[in-house]
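In the two complexes below, chain A is the common chain; its partner is chain B in one and chain C in the other.
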Partner chain A sequence: MVMIQFVNGLMEGMTLFLIASGLTLIFGVSRIINFAHGSLYMLGAFLTYELVPLIAPGTLLGFFASVIIGAAVVSLIGVVFEVTALRRIYHADGLMQLIVTIALVLIIRDVVRMVWGPNSITVPMPDALMGAIVVGENYFPMFPIVVFAAGLVIVLAMIWVIYFTRAGILLRAGTDDRGMAALLGINERLIFTSVFAAGAFLAGLAGGLSAPYGEVNHLLDTTVIVSAFIVCVIGGLGNLYGALAGALVVGVTKAMGVMYFPRLSMVLIFLIMAAVLIGRSLGRQGGSAR
Partner chain B sequence: MLEVNRGGFAALGLALMTAFAGQTARAEEPVKIGFAADLTGACAALSEDEMNAVKIAVDELNAKGGILGRKVELVVRDSQTKPDEGAKVARELIVDQKVDVLTGVCSSAVMLAESAVSAEFKIPFYATIGSTQRANIELYQPYFWQTQANATMEAYAAAEYVAKKSEWKTIATMGSDYEWGHTSVAAFSERLKKLRPDVTIIEPIFPKVGETAMAPYITTALNTKPDAVFAALFGGSLGSLIKQGQGFGFFQRTNLVTLMTVDTLQSMGSAMPASNVYGIARAPFFALEQTPEVKAFVEKYRAAYKEYPTDWSINGYDGLMFYAAAAEHAKSVAPDAIIKAISEISYDGLRGKGLKVRAFDGQMNAPSYVGKAAKVADYDFPILTEIEKFDGAALMMPEDAIAEARKAAKK
Partner chain C sequence: MTETAHPTRLSRRWSSLPGIDINWKLVIPALVLAEIINRSMGTSTTTLLTEILIFALFATSLNLLMSFGHMVSFGHSAYFGLGAYGFTLGVVKAGLPVEAAVFLGPLVAALGGLVFGALCVRLTEIYFAMLTLACAQITYTVLFQWYDFTGGDTGITGFMAPRFGLSEQGFASLTLVVVTLSIFALWWIVRSPLGLSIRAAGQDRFRAEALGLTVRRVQLSAFVIAAFFAGIAGTLHAVLNGAAFPDYAGLSLTLDSLIMVVLGGLNSFSGGIWGAIVYKLLGAFVPSFIHEWELVLGIILLAIVLTMPKGFAGLIARLGLDRKGAK
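Moving on, here comes the complex of A and B:
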């Protein structure tokens, strides 16, 4: 029981990380808190819903192909948004950025409602992932295990890109010192646009991957953005490893909390968040995280 | 001087006009239905189904010459699933639009907010989706009634159904962590204990509202090896429970008893487990007695909206038709005449004959339906089979119990 609950927590943590990673990546580089991140996640889920019946329905390959194509489309939408709106307000104050990204939230929500209606939809799960691995009396469901594995692949891919490629060097340079990077002839605009594209892709990916495991409707955006923020705050906004640690801590705390303190499981998470915030203000994490 | 005079004349003219309008225009003025519904926000899908059906009801009434020979007019406002917004639009409908009756609400919180406005202006208000029994008990006001089973009645219906499954000995319970989830679980446990003292009811667990990561709750519930799990969940939490439960062998290891209206059945589609899901419903069209009226309504609804009516549609239609019947009986739409009439008439609606509202708390003896979810040949979504219809009268809280609860709430 403790074992399953721990695994449950890890699984939920990975889903949370997938959501939070794009948010924290975009913030790390451009210092923009993208409130529309949940909306991009939702779009990923709806696009997957459209694509799954078209590409080898029921198969594992078809599902992953649908998710990736959906995420690519979300990424394109993200680029259009970045180029037309966000690019103009990188130097504006936080309030302006808040308003612009919230405008996108409202636009996407209404478009989704117009296209797909207000009812929840179900994205079919690939047949191969329906079951569970049964060990004695313990059930370990297949679907979250595969999502967890996919999450690990994404984490490794991100680490590789950020720390071992030229694109990653440019990205870190832009994050560390924008002015100096620009002086050295690095195209700042291109970096910002690519990072936003990558962040939107991650959002779409998370949305598509999680779609078969819950309800998909036009209100998914707010549900998602709140949990993503909690994870980012615990991990330090802009800090990728922090987001991973934060997501796993939130997931496991919640799962264990449900078992031992069912009335307090949500409070526990906020207590952790408060503790981290207080700790950080004392300087232990070194102020703003990169 | 001239200015003052002109102002005075204008005021006098205005006063005369309103007085005049008040006296003569009664016959031609339409009966205005103030439809303050949660068309956006969490309740959007339910409210839209309700509104679709209410539009059909309005057309039908008008085709027959309206209510008391007056045309029926629907004035729609969006209460956004927010109590303050609901109170605001309810006020606007009453004060500016001069509606004769207020309805449409879905969320329980918005319902209580609008009910308070209805009490303030003494304008009748009825609910056909929102179903908190607080509107019948401590927050009851005489201009209110509801035409569907309230949360307690629904939970009682579930308990009656579960009690008949003699092979079920251990029942786990869970509910959304807010008023509805808590009252449903409490009412279910109370009635089941009475009916089946031999059953063990496990301490309930309460996932937060809108929770979609259900795995920890599923594991906790299954750990008690229950024969069935009663879950007062809806929307995202319910969908997630069903989808995520399959990976834990939930539907091989136990049974689920939960809210299962037509929209949920449709959105679950192929993800519905082949067996072991039992649903409580308000008015599933396939379980209604197939009278010519029901058949005609379903056909009309499908023709207009290209989908089957949901429980919310059926109840929205029944609600307005009941109001029309009350107005015809009272020969007036004056608030006090309507309120007197609602408890005098017996109405034959889509959900069957003899629907009545109890004067004491504004509760209709509305039925609940419980059945087993299954895929059948006629529909491309699962429906409820082996359905049992529970008459509302047997599920309503007795008047003295309500009086007691009201007293307790005042303390």
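Moving on, here comes the complex of A and C:
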């Protein structure tokens, strides 16, 4: 039981990381907190639900293909939103940007409710991932392990893109000093749009990957975005490795906490966050405040 | 507003800042009109009026943080919920008489604001927003999951006659008085030296610190004050329904309050009031035409932010109704 929950926690941590990393990347270049990131995650889950029966149902390849296509559609939606709304207010007050993303949350939630109804749906799990791996006396459910592994592959791919490709150089330049990057002739708008697209893609992936494991409904957006925010606070915004560590800690704590303190697992995470924050602000004055 | 009896230099200069003056020619007729509407229309209008009043106070308390302290709280519903539960649990668990428990609600909310605020003001801007959100979600989760104490997701009902057993009209009048007094108190705080400090800390925290302000302490004071008044709103709402539900501390209420402030207009004291009026009226009438209310709201928000970033208060100021409000 302990091991099962641990594996579940790892999987939840990995999906949280995929969401939080998108948040972090977008924040890094544009200083915008995308409140609608949880909604993009939710859209990814629903699109996977639509695609799974169409593309080789039941097979592993079909599942991953549906997840990726779903994420690509989510990414496209993100780009449309960025170009039509967000781009116009990059230089406005930060609050205005938050409000615009909240507007997107409301719109997506109602559209999802219109299209898929208010009840939870279940996404079928690919047959190959139904079972469990038995090691000695321990059962490790297959699905969370595979999702975790897929997440690891994505993490490695992200590191490769960010540190070893031209796109990654542009991204880091934009994050470090956006004015300087613009002076050097880098197309700022293109960076913003592509980072938003990438972030939305990651959120869509996370939604699709975790869709078969648990309920999918129109209330998913807020629960997910709150957890992702906590991950960002623990890991530090703009810090990819911090986000990974924070996400795994939150995921595992949540899953293990449910066993021992079923009613207080969120409180446990809050305590971790409070400890991190206090520790950080004791360490250097102001801490992550700036 | 005309000069009061002995204006100091400070308050005179302060009162000339936009968005802080009270236009008595607008406020007094509005209060009278509210009471006339209350007495002459049906029960449903009265209930709507009561809700608008309660949310006007709630949004104004958030507006103190947002417009003057430039602290974007994403968890203001926590203090609404704490107010409601402080009152309710005071009656149910502590056995207090209802009349005494109403004072407990705002105090519990202020205490919650002190605890969470002490943590939150260590951070700024976006981290502050995220942490306030997390604090509110914790409050919500505890209210939602702690069945033995808070009744869990079913909330606490049936412990008192709704509205103290007053008629709808009677309670609306009472709410009108309480809310008006509370908003005047908030207005007085904004104009006080503390309000000036809050505004200074909001505009430029480093300059404020260089001038000798302890910015964190000022921000914490603002946070506790805002929590206290949100607690009054929460208590009123719990009395109105004779019940308390975990949703009072939920994210949707936070979003409601944020939307109200933005709808009404940032950087103006009256923003929260206008926002509550517009938002609640829209919420009362739009769903009867279009089922997808949130969709409509999202589009309205997008349109407002992209076209008139000053909100309805800015519009009203532009029309010249809010004296001195516009330049």
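Here, the second predicted complex is superposed on the first by the 261 of 290 C-alpha atoms of A that agree within 3 Å, B and C clash if a C-alpha of one lies under 4 Å from a C-alpha of the other, contacts with A are read in each partner's own complex, and residues count from 1 in each chain.
The definition used in the following text is that a residue touches a chain if its C-beta (ideal position, glycine included) is under 8 Å from a C-beta of that chain, and two chains touch if they have at least 3 such contacts.
Because the structure is a prediction, the values reported are computed rather than measured.
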Just to be sure I read the superposition right, which of the two partners does A:M266 touch: chain B = first, chain C = second, or both, or neither? both
So, does A:L277 touch the first partner chain B, the second partner chain C, both, or neither? second
Touch test for A:M130: chain B only (first), chain C only (second), both, or neither? first
Kindly classify A:A103 by the partners it touches after superposition: chain B alone (first), chain C alone (second), both, or neither? second
Looking at A:M1 after the superposition, I want to know if it touches chain B, chain C, both of them or none. Which is it: first, second, both, neither? first
Once chain A of both complexes is superposed, is A:L183 in touch with chain B (first), chain C (second), both, or neither? neither
Determine where on chain A the residues touched by chain B overlap those touched by chain C, and list them. 113, 263, 266
Okay, in this complex, where on chain A does chain B touch? 1, 4-5, 8-9, 11-12, 15, 113, 117-122, 124-125, 130-132, 134, 139, 141-144, 212-215, 217-219, 223, 251, 254-255, 258-259, 262-263, 265-266
Where on chain C does chain A make contact in their complex? 66, 72, 119, 122-127, 129-131, 133-135, 137-138, 141-142, 145-147, 251, 255, 258-259, 262, 266, 292-295, 297-299, 301-302, 305-306, 309
Can you tell me which positions in chain A touch chain C when the two form their complex? 27, 33, 85, 88-89, 92-96, 98-100, 102-107, 109-111, 113-114, 222, 226, 229-230, 232-233, 237, 263-264, 266-267, 270, 273-274, 277-278, 281, 287-290
Chain B residues within the chain A interface of the complex: 41-42, 44-45, 48, 205-208, 210, 212-213, 215-217, 219-220, 223, 235-236, 239-240, 243-244, 246-249, 263, 266-271
